[in-house]
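Labels for the chains are A, B, C and D, by order of writing; each one numbers its residues from 1.
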Amino acid sequence: MRTASKLTLDDVKIILEGAQKKATEMSVEMDIAVVDEGGHLLGFYRMDKAKITSIDIAINKAFTAACSRRPTHEYQAVAQPGAPAYGVNMSNQGRFMIVGGGLPITAGDEVVGGIGTSSGKVEQDMAVAQAGIDAFHSYVQK
Amino acid sequence: MRTASKLTLDDVKIILEGAQKKATEMSVEMDIAVVDEGGHLLGFYRMDKAKITSIDIAINKAFTAACSRRPTHEYQAVAQPGAPAYGVNMSNQGRFMIVGGGLPITAGDEVVGGIGTSSGKVEQDMAVAQAGIDAFHSYVQK
Amino acid sequence: MRTASKLTLDDVKIILEGAQKKATEMSVEMDIAVVDEGGHLLGFYRMDKAKITSIDIAINKAFTAACSRRPTHEYQAVAQPGAPAYGVNMSNQGRFMIVGGGLPITAGDEVVGGIGTSSGKVEQDMAVAQAGIDAFHSYVQK
Amino acid sequence: MRTASKLTLDDVKIILEGAQKKATEMSVEMDIAVVDEGGHLLGFYRMDKAKITSIDIAINKAFTAACSRRPTHEYQAVAQPGAPAYGVNMSNQGRFMIVGGGLPITAGDEVVGGIGTSSGKVEQDMAVAQAGIDAFHSYVQK
């Protein structure tokens, strides 16, 4: 047996609110998903004009980041034609997202979940996901 | 053309918080989902000990209630063997839930979404879903 | 944040071996699956004459037991026609197993995973799953 | 009629242990799957820090190698845009893996199964899969 940390719903609300706040500041409305370390949904917000197609994308970015334990944007280069992981995005029933906007949520050196955001440009999605992470770390450090 | 009412993220948080509060009072931890009138996810909370299998169930109860415009428990009787809608729960790729805990969210005589809850006994799920609806109506009337 | 316990691969081999030993004693060859608390596969053995259709069933019994935190056989009664959870086995993309042979794996009062077995009669599946659990608890207590 | 060779669970454990040993030596924790000649799961180990997204990938690399009777990495070149098998990885419901780390398991000139590994760099996955094969051949020759 080994021990691990788990996000609580209180943590999840901090993360979702942090991400929503950043999206509002950037004037882009997003779908924002938080999952546990097994990729299962913990919390979700759809901002009013976020895309419906981005619900699935946000959830699956969070899933991919949590379960591969890497930011989704790091898979862009290795999944390109000619690169060694070309085709990886077809795995996991197509849930493996290689578009930026999915980040692992860590506590110490442990991955405890993932956040995924979608509806904006990739840089916007990445910034909003990062704001969710930052809100969590500020909160935990208190 | 016609006009329709739409839930906002502010409304959704009211509904989720109302449901969570009731579940806490009842000492049962639940998955709580709110969807729009098209059955697409607007918001989701997983309470800390809610079941992982109930994520899918909560979301699909909300989907079924919103898109069929009826509470999910009303389908129990008609979906029994020998009853006229036997087999309906196989439709919609198995997403059609006939277990209680899914309620349409209405504004006037219009269905604007659905709430679905899961992890407790059916009566508990139904009470928590109703508390979400009640919180919404109290808020709207103010 | 909260803390949780996790099964290691060493634990998983103890569980699989304990279940295989019991199946051998009972002269029935089985598919045996162990999953984590999120329902994700940790280990799997197919005994030589175990059924191929039972691979999916064993894995999904383990998934259901871990993620609903209840033995799968406890869902038989409530999922019958006329009972309150009729239709629940259609949820989770049909992965929700209500046939005996899936048991949660616990450490203290915490569910840390699930075991699922299939290929025999239901009582045989249940006995083999229990033997896996027993092997784990004997090992942990040492 | 013809006769065929079949892997036993004893063989499968030799293969899994051989692969796990190599992964441990390389300080990378992996998901390791062994399937029969029909691509159906025979055995599986998840090492403690192996990726959850790699469960599906390891199983499907093993499936692809066994059922196409070729190493998965041999499909990389032919599946590139402009190459003759472009799109092949969409076949078999997306289970056709073209990333290295899947190898057929042979006995004489016969394919009797496949091994698939995932969580490391592609070269690491390939080395761990090969170590599983090597362990099997050493064992069979005794």
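Criterion: contacts are C-beta pairs under 8 Å (C-beta built on N, C-alpha and C of every residue); 3 or more make two chains touch, one makes a residue touch a chain.
If you're wondering where the values come from, they're calculated on a predicted model, not measured in any experiment.
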item	value
Over-half contact-pair match to C-D, picked out of the listed pairs A-C, A-D or A-B	A-B
Interface residue overlap between copies chain B and chain C, same or different (over half shared)	different
Separation of chain A from chain C, taking each centre as the mean of its C-alpha atoms, in whole Å	30
Distance between the centres, which are taken as Cα means, of chain D and chain B, whole angstrom	43
Whole-Å separation of chain centres (CA-atom averages), chain B against chain C	30
Whole-Å gap separating chain A and chain B, where each centre is the average of the chain's CA atoms	25
Residue list for chain D, restricted to those that touch at least two other chains	48, 52
Touch-based graph of the chains, sorted into line, ring, star, complete or other	other
Chain pairs that touch, as defined at the top of this document	A-B, A-C, A-D, B-C, C-D
Touching residues (chain side chain C, partner chain D) in the complex	6, 8-9, 12, 20, 38, 40-48, 52, 55
Of all residues in chain C, those that touch chain A in their complex	1-8, 11, 36-40, 107, 112, 140
Contact set on chain B toward chain C in their complex	48, 51-54, 56-57, 60, 76, 79-81, 89-90, 93-94, 97-100, 121-122
Touching residues (chain side chain C, partner chain B) in the complex	2, 37-39, 63-64, 66-69, 81-82, 84-88, 90-94, 96
